[in-house]
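First up is the structure itself, then whatever we jot down about it.
Chains: A, B, C and D, in written order; residue numbering restarts at 1 for each.
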Amino acid sequence: MSTFGQFLRVTTYGESHCPSVGCIVDNFPPGVPVSEEILQPQVSRRRPGQSAITTPRNEADIVSIQSGVEGGVTLGTPIAMVVKNQDFRPSDYKGSTMKQYPRPSHADFTYLEKYGVRASSGGGRSSARETIGRVAAGALCEHYLKLSHGIEIVAWVSSVGSIHHIPPTTEYPCNSHNPKFLQLLQEVTRETVDKTTVRCPDPEVAAKMEKCIADFRDRQDSIGGTVTCVIRNVPTGLGEPVFSKLEATLAHGMLSIPATKGFEIGSGFAGTEIPGSTHNDMFIRNPNTESESKNGFAKPKLTTLTNNSGGIQGGITNGANIFFRVAFKSPATIGLPQQTVTFEGESDGLLEAKGRHDPCVVPRAVPIVEAMASICIMDALLMQGGRRMAALAP
Amino acid sequence: MSTFGQFLRVTTYGESHCPSVGCIVDNFPPGVPVSEEILQPQVSRRRPGQSAITTPRNEADIVSIQSGVEGGVTLGTPIAMVVKNQDFRPSDYKGSTMKQYPRPSHADFTYLEKYGVRASSGGGRSSARETIGRVAAGALCEHYLKLSHGIEIVAWVSSVGSIHHIPPTTEYPCNSHNPKFLQLLQEVTRETVDKTTVRCPDPEVAAKMEKCIADFRDRQDSIGGTVTCVIRNVPTGLGEPVFSKLEATLAHGMLSIPATKGFEIGSGFAGTEIPGSTHNDMFIRNPNTESESKNGFAKPKLTTLTNNSGGIQGGITNGANIFFRVAFKSPATIGLPQQTVTFEGESDGLLEAKGRHDPCVVPRAVPIVEAMASICIMDALLMQGGRRMAALAP
Amino acid sequence: MSTFGQFLRVTTYGESHCPSVGCIVDNFPPGVPVSEEILQPQVSRRRPGQSAITTPRNEADIVSIQSGVEGGVTLGTPIAMVVKNQDFRPSDYKGSTMKQYPRPSHADFTYLEKYGVRASSGGGRSSARETIGRVAAGALCEHYLKLSHGIEIVAWVSSVGSIHHIPPTTEYPCNSHNPKFLQLLQEVTRETVDKTTVRCPDPEVAAKMEKCIADFRDRQDSIGGTVTCVIRNVPTGLGEPVFSKLEATLAHGMLSIPATKGFEIGSGFAGTEIPGSTHNDMFIRNPNTESESKNGFAKPKLTTLTNNSGGIQGGITNGANIFFRVAFKSPATIGLPQQTVTFEGESDGLLEAKGRHDPCVVPRAVPIVEAMASICIMDALLMQGGRRMAALAP
Amino acid sequence: MSTFGQFLRVTTYGESHCPSVGCIVDNFPPGVPVSEEILQPQVSRRRPGQSAITTPRNEADIVSIQSGVEGGVTLGTPIAMVVKNQDFRPSDYKGSTMKQYPRPSHADFTYLEKYGVRASSGGGRSSARETIGRVAAGALCEHYLKLSHGIEIVAWVSSVGSIHHIPPTTEYPCNSHNPKFLQLLQEVTRETVDKTTVRCPDPEVAAKMEKCIADFRDRQDSIGGTVTCVIRNVPTGLGEPVFSKLEATLAHGMLSIPATKGFEIGSGFAGTEIPGSTHNDMFIRNPNTESESKNGFAKPKLTTLTNNSGGIQGGITNGANIFFRVAFKSPATIGLPQQTVTFEGESDGLLEAKGRHDPCVVPRAVPIVEAMASICIMDALLMQGGRRMAALAP
């Protein structure tokens, strides 16, 4: 299905070789000042061709709002957004040998098994261009979250190959215990992230990551990495038991991004090795409750001393920072020749990808992770807003 | 929301202190031989009180089918299943100090923030008893998947604390490259899993895990772990782009299980450090295609030499084994006294949990992971079956 | 599908020959005082065996809340409700000739075509007993609507066969212009409706209707009728463009009731013959706006002089009374012998229904219509409440 | 919500004063030959400015496929379709008096109550232009239904004001008993419908209808009417109990069309006055079962002598013709001056609509009714196809 969300619903369309890609955002609140200028930066951040370490495919990727906004303000009706595929060239692929051979670890084979139809682009909707619609929708949501609740969403590259920004140590095997990591969660901004091409907020580590990617690119190989994301100023009460626990919808959203292989929240996998007595987040009185309620959500009376939970307990936000990490595999399309067989399994062959491709996707994945996070949080916020409005005082 | 699935829809109800828990399974196929005897084993496997290392709460947990089955065969109409809460004692909690203090890292606080209503059980639907409905629904789905396509789903405990069944090695930093792990995926059965109390198929490692859990129990502390799951004999073409990629719905399903903190599929987080040239799964002719198509699904012409993808490429199954790992944190409820504050933040206090609780959830989580996997696979199978029926020959 | 509603979701289960029927209501607001006593009256009103003109099948139909309510207050979690099928006797049907012959205009044939499985009850979920779950869910919603907004929902029998409560006249071909009808909309209560067995608020007309039904019963034949429903004190702004216009979801809800053949709102079919100049509802200043906003909804500044729209314009409520009419066909099951063929089409036969059946369904349909109306309105109310909470001031 | 359908999902966007209107169709089957030429005729049929009796607003309304089709064949991925609003002039409305006064019986007032935002077009998504997306989506579905199962969908104008094509008579108070009507159901084609401007297949009646509309137009008034629709060659088994009974989703779809006030299927409202003994549709052996199953659906063994059910029994198709009637009120926008008040209720005024408007919507509603019918049937067909694929032989 191409729709995400329960109350706020994002439906995307488009593959790489069609006139346009885009999305419809349904149930977006009315009265929100919105313009294309607000959406363009995130769409541009995911664009290819931004640096020597991303794919040279060059697309202007100008987002155009088709509906739901008038006089610079949202109407409450569906907001359709379109980005033209200026650089689409279906004819280029005709007769190419790529049509005979499924690319290893790419979606060419599975799309054909699923649909029985072979598109010129092979993997159809698994194309990275599909994510443009999400990024546009996410930018819209992020804008609302900032305006209405001051919510901040920042993602960054936390590892490339074996180069980790903050690797686990003997003292802190789990990042959620590491003061350096916790400080980063508090302070990191999109500006510091964008200071380096690779989008890691530590310039020294970033330099190593960039060199690593360049090396793989030069060898016509590719490499994976991870993206970490923090969400600050989240109201309490977001997330719906049982099947819409916030970590579940975040995991769903993240694993729907192409090339992802894993998701962990709060203490994550490393946290499974920590006893309950040191993993539990102790409650204390929240020192910071004087401010007024914002759009119906008040500051909670309690907060926690630690945050191994990653801001979510029982599937519901507790007001602490939400943070999670997403694993991206090394891109399947590489220049190195690969042994493969035809779709019919009839004869072997060597596949040498000639097209445009990224040696490492994580730098461009940063705005996509932010987009999916924004959509998840906004959907949960609207659901909980509806509940608050409906609840009767005991 | 309490409903999971797009075509096959499972809706659960119930918390720990109400007359019953259960579920409604909508859109289950007609004509399937089903009885309560088929469902009971999995429901019993998740039951507390099975051994010295699980909670002593004693519940018969007898599943009763209310509708949708007649003469031992499914009608195609909704199947409601109910399990009585024989041991529910809401009055026990009245006046207890647990009502004053939110339990650290439990859902007491967030449920109150969300709903503004304090249930006697504190965390409401975050209770482990909610999972009974899923396990019953999952057992139904699993039964169908086995009957109709020979699909096998087996989960087991892959780590408890720092004791790993197959730890990463220098030679095989990533399990999907490790021959021992790959052989396990092929061979592991529910019978070998259940030979040990802790549900790890290696008796030696299991003994260490059991000792580890017993130690934490004796210290009135708790510990986390991971569960790994394999799905064999999966038809190709399952999983719906974009937002219903199979790994995305699996991640959603797994992260909706209480106490989970992470999910990884195929090569997972470790795989992000492996270059594309060794991560890509090369295609070969499938040597095993002679068998007939089963319920409309034929064996694919191609298979892969390796399986770093975990059986899913571009969100769609390629016919290889699906395997994934789920992280469970250490249980929040421990006997050790914990410093906390009242719900109102007014005064500090010591919380000493007296109730029944597990020192480690992973042994009992095994059938829950299998259940959610069954529901995800069956939903994807029905969706793809509908598409195959509808597709026109090119 | 067995689920109704977008935000408030009602899922029903059960047919006539299984242990129980019931429903799960998901996303019901927390903090609402609820008990089984509040729900029972509506469930009892739809019960068979209430009078000489309804089916003699005798069922206690006691509704039991399974979850989501504690200490007499809703928790915000799913509310499961169950009614035992005390009188279910699947064995009675074994070997009966009804298994050979599909009953004309009943669902026996279509259920077999759909599912390929023959249930003892023939029509499976088309059984009137399925509606118990809806009535229980509707009673819950109605209770909330009354408590939170003073909304009143009253349905009554407006015709039986050709006996109409307020038939069209030359002066008033369309009821929405008829002062007597408009006064009825304002004044009718459930108490006046229940004063007559047939549930028509005019005792004289009711007597004729009852005689008509008795005559058809005596002839072992059956007859149809219509039910009209009014919803008073509805806030403005309910109903979601485009596909969830309130009249569309009401029509959906009503036509999902067994034996319905039509739905019309406001001026309805007769209104199509009235020119725009006399059909349009002129706006005037609302004389009645002094009262405070209730749960976030304020009284509108405008009201209309007439109400041909039936309280909905562009799919959205304008604050006027919503009223609509539903057509119910004559019951298919009759005592008169009917010519038919076997399911296999092999030989002809005479079908003489021996079972329990209603000669006219409209009296018992009254609480079912009220139930579906309650669910529709409450779903729309929760959706709009969420929007109001989320909207930013321009 | 702007999405319709459970398996086949149509999401529309756009209002009258934005760059474009359109839709995304998700889950459309792969391998279907499709081009814009196939879709354009229906889009053109709903276009304004086709004759003297429709609105003079002149729009080219050229539909453009954006995605999901390659090489003239569907890929199975979302199909986005866009129609430019060439004639949109939001600035024209600035400063107009229409912004002060809500138009009676139009959606201006309710949209403002709902969203708190006043769009230049007043009624936002209640604009007739929104229906373009549906007509494009419906044309796509209709094309598939024809290709895959030979299903034919034809709608026509059955009344304008008090001029009825086949009025009820003393002999046949209910059309489903009238041989002339039943013959029409069997024979009517889109070609015969389009022979008259008003889209009534009887030229004599059509002439009267056209004169009637012209008279109302000349008086600057408006008039309503009804549209009847037949669906032929429908497989058995379509429609999902309980809440997705086919008549319920058809009613939902029809009442979601702007200006509709009623829906009746089969014998409808008139049928409520007919006894069961003459209303029941007797089963007979189907003389016409020799043909092969088409896309998995076989001809049924039984058919019925009469068809008061309108092709649906218990919510499920029985293979007979589906037919239903939809009521459309007289358009709210008229040239005659109308007394009204400002949005603030502050002062009275006379509203004289100057814009482009239809004196009667039914001729242009014909393709919209066909479109919604196509979407409903196709959704039900895909659902049932999935079930057949999944069912196990008893």
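Convention: a residue touches a chain if its C-beta (ideal position, glycine included) is under 8 Å from a C-beta of that chain, and two chains touch if they have at least 3 such contacts.
In this text the structure is predicted, and so the values were computed from the model without any measurement.
**Q** Could you see whether B-C or C-D has the larger number of C-beta contact pairs?
**A** C-D
**Q** For chain B and chain C, let me know how many angstrom lie between their CA-based centres, rounded off.
**A** So the centre of chain B lies 40 Å away from the centre of chain C.
**Q** Rounded to a whole Å, what is the gap between the Cα centroids of chain C and chain D?
**A** The separation of the two C-alpha centroids amounts to 25 Å.
**Q** What parts of chain C, by residue number, touch at least two of the other chains?
**A** Within chain C, residues 1-3, 12, 27, 30-31, 73, 76-77, 114-117, 124-125, 241, 387, 391, 393-394 contact more than one other chain.
**Q** Select the category (line, ring, star, complete, other) that matches the graph of chains linked by touching.
**A** Shape = complete; every chain linked to every other.
**Q** In the complex formed with chain D, which residues of chain C make contact?
**A** Contact set of chain C toward chain D: 1-4, 6, 12, 102, 104-107, 109-111, 113-117, 123-126, 130, 159, 161-162, 216, 221-226, 236-237, 239-245, 247-256, 258, 260-269, 271-277, 279-286, 300-302, 304, 308-310, 312-319, 327-334, 336, 338-341, 343-346, 384, 387, 391, 393-394.
**Q** Please name which positions on chain D make contact with chain A in the complex.
**A** 1-3, 9, 11-15, 17-22, 24, 26-27, 30-31, 64-71, 73-80, 82, 90, 114-117, 119-120, 124-125
**Q** How about chain A: which of its residues touch chain C in the complex?
**A** Per the stated touch rule, the residues are 7, 27, 29-33, 73, 76-77, 144, 147-148, 241, 295-296, 381-383, 385-394.
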